[in-house]
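Labels run A, B, C and D following the written order; every chain starts at residue 1.
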Amino acid sequence: MVDLIKRAKELIETSVVKVLIGYEQGTANKTRALFVEKADDADRLIFDSRCVQNLAAYVTKKEVKEKGKMAIAATLPVMRSIIQLASEFQVNDNNLLVLGITPESKLIEFANLVEVETFVHKYEIEIDARNKEMLDKLEKMTQAERWKFWMDELSPCFKCYACRAACPMCYCSRCTVDFNQPQWIPVPSHELGNLEWHIMRAIHLTGRCIDCDACYNACPLSIPINLLTKKMLADAKEHFGAYQPSLKGDHLMSTYKPDDKENFIQ
Amino acid sequence: MAEFEPKIVAFVCNWCTYAGADLTGTSRIKYASNVRIIRFPCTGRIDYMLLLKAFDEGADGIIVSGCHPNDCHYTSGNFHARRRWIMFRSLCDFTGINTERIKFSWVSAAEGAKWAAIVNATVTSIRELGPYTEYKKVAKYPEKEVTHG
Amino acid sequence: MSKIGVFVCHCGENISATVDCAKVAETAGNYDGVAFSVDYKYMCSDPGQNLIKSAIKEKGLTGVVVASCSPRMHEPTFRKACAEAGLNPFMCEMANLREHCSWVHEKGEATTEKAIDLVRILVEKVKYNHSLNEIKVPVTKTALVIGGGIAGIQASLDIANTGHKVILIEKDPSIGGHMSQLSETFPTLDCSQCILTPRMVEVAQHPNITLYTYAELESLEGFIGNFKAKIRRKSKSIDEKLCTGCGQCTTKCPVKKIPSEFNEGLGKRTAIYVPFPQAVPNKPVIDRINCTYYIKGKCKVCEIVCPTKAIRFDQEDQIMEVEVGAIVIATGFTVKQPDFFPEYGYGKYPDVITGLQFERLASASGPTLGEIRRPSDDKVPEKIVFLACAGSRDPAKGIPYCSKICCMYIAKHAMLYQHKVHGGKSYVFYMDIRAGGKQYEEFVRRAIEDDGVNYVRGRVSRIYEKNGKLIVNGVDTLLNAMPVEIEADMVVLATAGIANEGAEELAQKLHISYDPYKFFAEAHPKLKPVETNTAGIFLAGACQAPRDIPESVAMASGAAVKVAGLFSQDELTREPIIAVVNRQAPPVYSSCVGCFLCVSACPYQAIEKEEIKNRNGELIKLIAKVNPGLCQGCGTCVAFCRTKSIDIQGYTHEQMYTEVMALLNEY
Amino acid sequence: MNIDKRLVRKDSLEKLFDILKQNSKTIYAPFSKNGKTSFMDAKSFAGISTGHIQTSESSKDIAFPRAEKILDYSKNKEGMSVKGIDFADIPEVVLWGVRPCDAIGIGELSSIFNWDYKDEIYNNRLSKVTVFGFSCNKSDEYCFCTSVGGNPGNTAGSDILFTRMGEDGDYLAEIITEKGLTVVSLAQNLFEKSETLEREKFLAEVPVRFNHEEIRKKLDKFFESKEWIEESLRCLGCGACAYVCPTCACFDIQDEAHGKKGSRVRCWDSCGFSHFTVHTSGHNPRGVQSARWRQRIMHKFSYMPERLSVYGCTGCGRCSRACPVDMNILEHLISIQEVTV
């Protein structure tokens, strides 16, 4: 990513941005986030197929935001997240510059978020084949079998909230689980606490999740929690049409159509 | 053994279903006494978490009911509710929560008879399903020791 | 620690017949925080209320649960009683033991158990209630009256005469409504036009009334005291300021064969027309569907003849926005077209007509100038048959309810016929004669006894034509169902009065409810007949149910008084059941993260953005804020907010959560 | 007690497992699922994971469960009746397949639970546990036990330590404690005497990367360093590090009420969470992630040695492996060592 390094240096040197968020080599075969604040640090920037962490999680982080205008090396999922965040008034053109990395690994610098949105809308959000297969498999099960599946899968969860931390959409300063009057979600990581936490998480991400898998990648126990959000994504598409984050702010779950179809209300 | 008496919680809006249930009363239509109504201003106010809480605390069935589409006292609370129900119900189904135990309905202020019918049908179907032991098993601490994950 | 009082009402025997009220009170008395509990015969009675008041004072109660009827019935009563005893009224909750328990379940333990549960839910809820203060909002002292029939006219005049402004909108080109179509009115037989026209003129001339005819409600926003209505003023294709109503255009218009709506199709009108001679305003409109110019692009005769150059072919519909504080709906009713009774031959035989058509025939201003002549050949009918309940009280084919006005107008019609056609013979087929009302029964008796109308109790099975006569086959149930056959010259069907087409749509625009027949629903069938469930919107006349003239007028005056009462205050107090975004001490300020998804969820555009700034005026945080004037308290935002930063007073997270907990656990 | 060394044939392990089962022991052993290895209640010997370097989670929740009910209460007319844990209900457990860095963590955890108040529940649970350590024959870039005083064949914390002698070899069993001896007595014949027992050459090599005493001294003057801010910028504030750590002991007490009845539950908490130190006033003394990351390091390498005379880190490297954003504790410790204060 010679282009990226070069551009990062320029942006920092000319003080167009105060910090650029990109990837660097991490421990072993891992990559990790790099915050370029000095032009020299830009040399550490890398980009390759291992760079899957959703860096958009940092643009709402207080300590990063406070540095001043940010630039972000953004893959397609990151760009989608940014559009969703912008539609939720968390970022704007004044505090964020997007250096897009296309699925073909080309660098595009966007003048503003509207351009990012236009770019993002060229690509429909598609659930990958492996997970689609998994969803199909689960849907073919009986309800009781699914219950067992999830009880088994969720039982190891110790509620470290890495899924929440890694998700760009989970930027709330007080998550529902931190709300204790009343205590909506049981704090302990017992079966009920785990089930309700993950249900709540999936609901709150419905219509907002852009299917980047950050939650799953972050899970230290590799629990397939992304299946829940994927299911919501697939269902939203089925019921309300293809979903794309949009600066218009016509959020899927805070709007409705008078003719929304269902077959279960008597 | 005595017949299983399901516990059913009804989450209803004030303007249509609550009033509809009032009309059931005024019309002296009898129905099963298993249901307890909790009054909300609007179906839009009904938090899906409350439905889960009802199961947590031992409900065997749930009724959620409000104004027919277009009839919402607040114009669109029920439309918002409907969209949330669609997604919430699908998620419940996906996680294996028994969606047959959650009955959604529209009951207007004029449908006293319909309210009685909804309650009776729900009681009958929950009676057939039996107590919601799967959920109760994970919900109540006092019955089990939690140790290792 | 809460000190809660529980008051269990027997409601005479309405509750105590199936619920063991003493046991309910005793059980409730054992709950934590319950300081007093008692059961009593009638809680809503004076002694009952005094029981509550003295307990509040003597025991220092911090919360009250009244277990009696539906809160929709008596919540205001008991909250007021609490307030009078010095307890914040919002510390009072009601458990619905009557409508939701005693009336719907059999006597038994399960029913008492349920009653106990219902009380416990509210006992636990009330522990989380907070004292709330009513919200004050300003009142726009202008009323919007929708519909310019007699009810709308009366309501407009009554409100205007109290000194308040009225905007009256009417969808037709003239006000007057159905009453202007009537010939004479029962039971006095005075001429409808004669008593109505002066009122119509008064409306037009009243300084406090702004009249928009040919106008309809487009949309409505806001709430009591502060509505914003959009009104569509349909294009009349004339400049009303220039038009003098001289009538040149209507005389010269070449399109003359359009069935007149006013005359129920029995007369004709032109394409540019004034619906009837006494119309208010007496200025024409162009019916664009039938006007040659709009169909073919040429003609413009009216424009040529108009002395004031008032014709405007390119005029467009205008949408205007008005701010009003109250709304009276007086949109009236319509009659069910009897073509669903093929056996009566309506539409097939021109001399089978509706009651409203007969009114036009009998009217001096009608197509026959008041002479009863049959439509087919203009002959005066020698034998006439009237059919009551042509659609009413007929759940199978028509409507199940009684249209109420038909018995009276049929008697009137028969009487008018007898007065106008000497030697004519009239028959009335009826199911029952419903003549409840001052002078009504006497009126019917007069028709029968003085004017010789033949009343036949029975239904008509078939009407068919034979040798130029209408053969009416019926039975006389008073003569052992003896078949009756009458060779009539004309038949009048008393068709059912039904809700207007589009009533449902209008109700949805107004956010009011309606009954299964699409008549608008009153807030209470007995005690709030002119109110709707939406505060600030009132009902008058036949839009609520079939009504005769005096009833419509009485309702209109009633609604007007409600409006005037509302306008007598500069500020309104509203229930503080509204949403509130939490605020916390710095550095948090609020748990709201400012995603503003609630903004699009709010049906009332009540959520705004609030900037939190530090002492130097720098923006620290942008959060949501609920405008208490606009919020109606639906709580859609509350269930939606991810951070649980919005709560709704009276139905808070804690209260609703506690209700669920209390319902399913032992306490 | 002197450490007794015995030979356990590779086929004898399963027999040992079965004998323990026959003696009503509950056995927790590592199993792999979704590519991660965790301790689970082993119903049978088959499937017990052996190839892993380290389990994803530590074994600490055998004595300090992620969520444990500590009492039931019910309100009545007379007041409150409380029913605590019946320690007799706690099963006798064999913790099978623990790495030495985990085993030593038990001691560090115990020192926290017995620092001031002696935590009855923890101690009772622990007293029912017999630890079967398994020495490491592999390590990776995250391992640094040797830098914090441990080693891949460390016997501390284990009751019996097994070392596999060669790729497919038999096991050397070191019987370290009386508890270990008690277990051995159930299956004497499986623990054979042998003269040819070697272990060092089969152990993994873990280079010493830093000097923990030096770090400790440095940290005294390091509190205000900008390092914390730079190092923690990518930290997202989840609790993964704390929850996989064998020595992190923060917990929360929750009352789960159901009307007049309810339970008190102790459950894990983490100093990495932004709400961990929020005061009721809204003030948060550790308002930024750098302060929380600093707390984690300081607690393990400064406060614990100071107050409890033990380090709060066993060098297992789990936190770094588990971290979704590659916060590598070893890397940071080395950089702290290199920085001149």
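The criterion applied here is as follows: a contact is a pair of C-beta atoms (placed from the backbone, for glycine too) under 8 Å apart; a residue touches a chain by one contact, two chains touch by 3 or more.
Fair warning: this is a prediction, and the values are worked out from it, not measured in the lab.
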Farthest chain relative to chain B (centres taken as mean CA coordinates): D
Chain pair whose interface holds the most contacting C-beta pairs: B-C
Middle chain, criterion being Cα centroid separation: B
Separation of chain A from chain B, taking each centre as the mean of its C-alpha atoms, in whole Å: 33
CA centroid of chain A to CA centroid of chain C, Å: 50
Contacts with 2+ other chains: residues of chain C: 588, 601, 640, 653, 657, 661, 665
Junction residues of chain D, two or more chains touched: 38, 57, 66-67, 256, 258, 261, 265
Where chain A touches two or more other chains, by residue: 156, 158, 173-174, 176, 184, 188-190, 253-255
Chain C-touching residues of chain D, taken from the complex the two chains share: 75, 257-261, 281-284, 287
Chain D residues touching chain A - in the complex, by the definition given at the top: 33-36, 38, 56-57, 66-67, 140-142, 229, 233-234, 236-240, 242-244, 252, 254, 256, 265, 267-268, 270, 273-275, 288-290, 320-326, 328, 331
Residue ranges of chain B touching chain A (in the complex, touch as defined): 48-49, 52-53, 56, 69-70, 76, 79-80, 82-99, 103-106, 118, 134, 138-139, 141, 146, 149
Complex interface listing, chain C residues touching chain D: 32, 584-588, 661-662, 665-667
Chain C to chain A touching residues, read off their complex: 588, 591, 593-601, 622, 640, 642-645, 653-654, 657-658
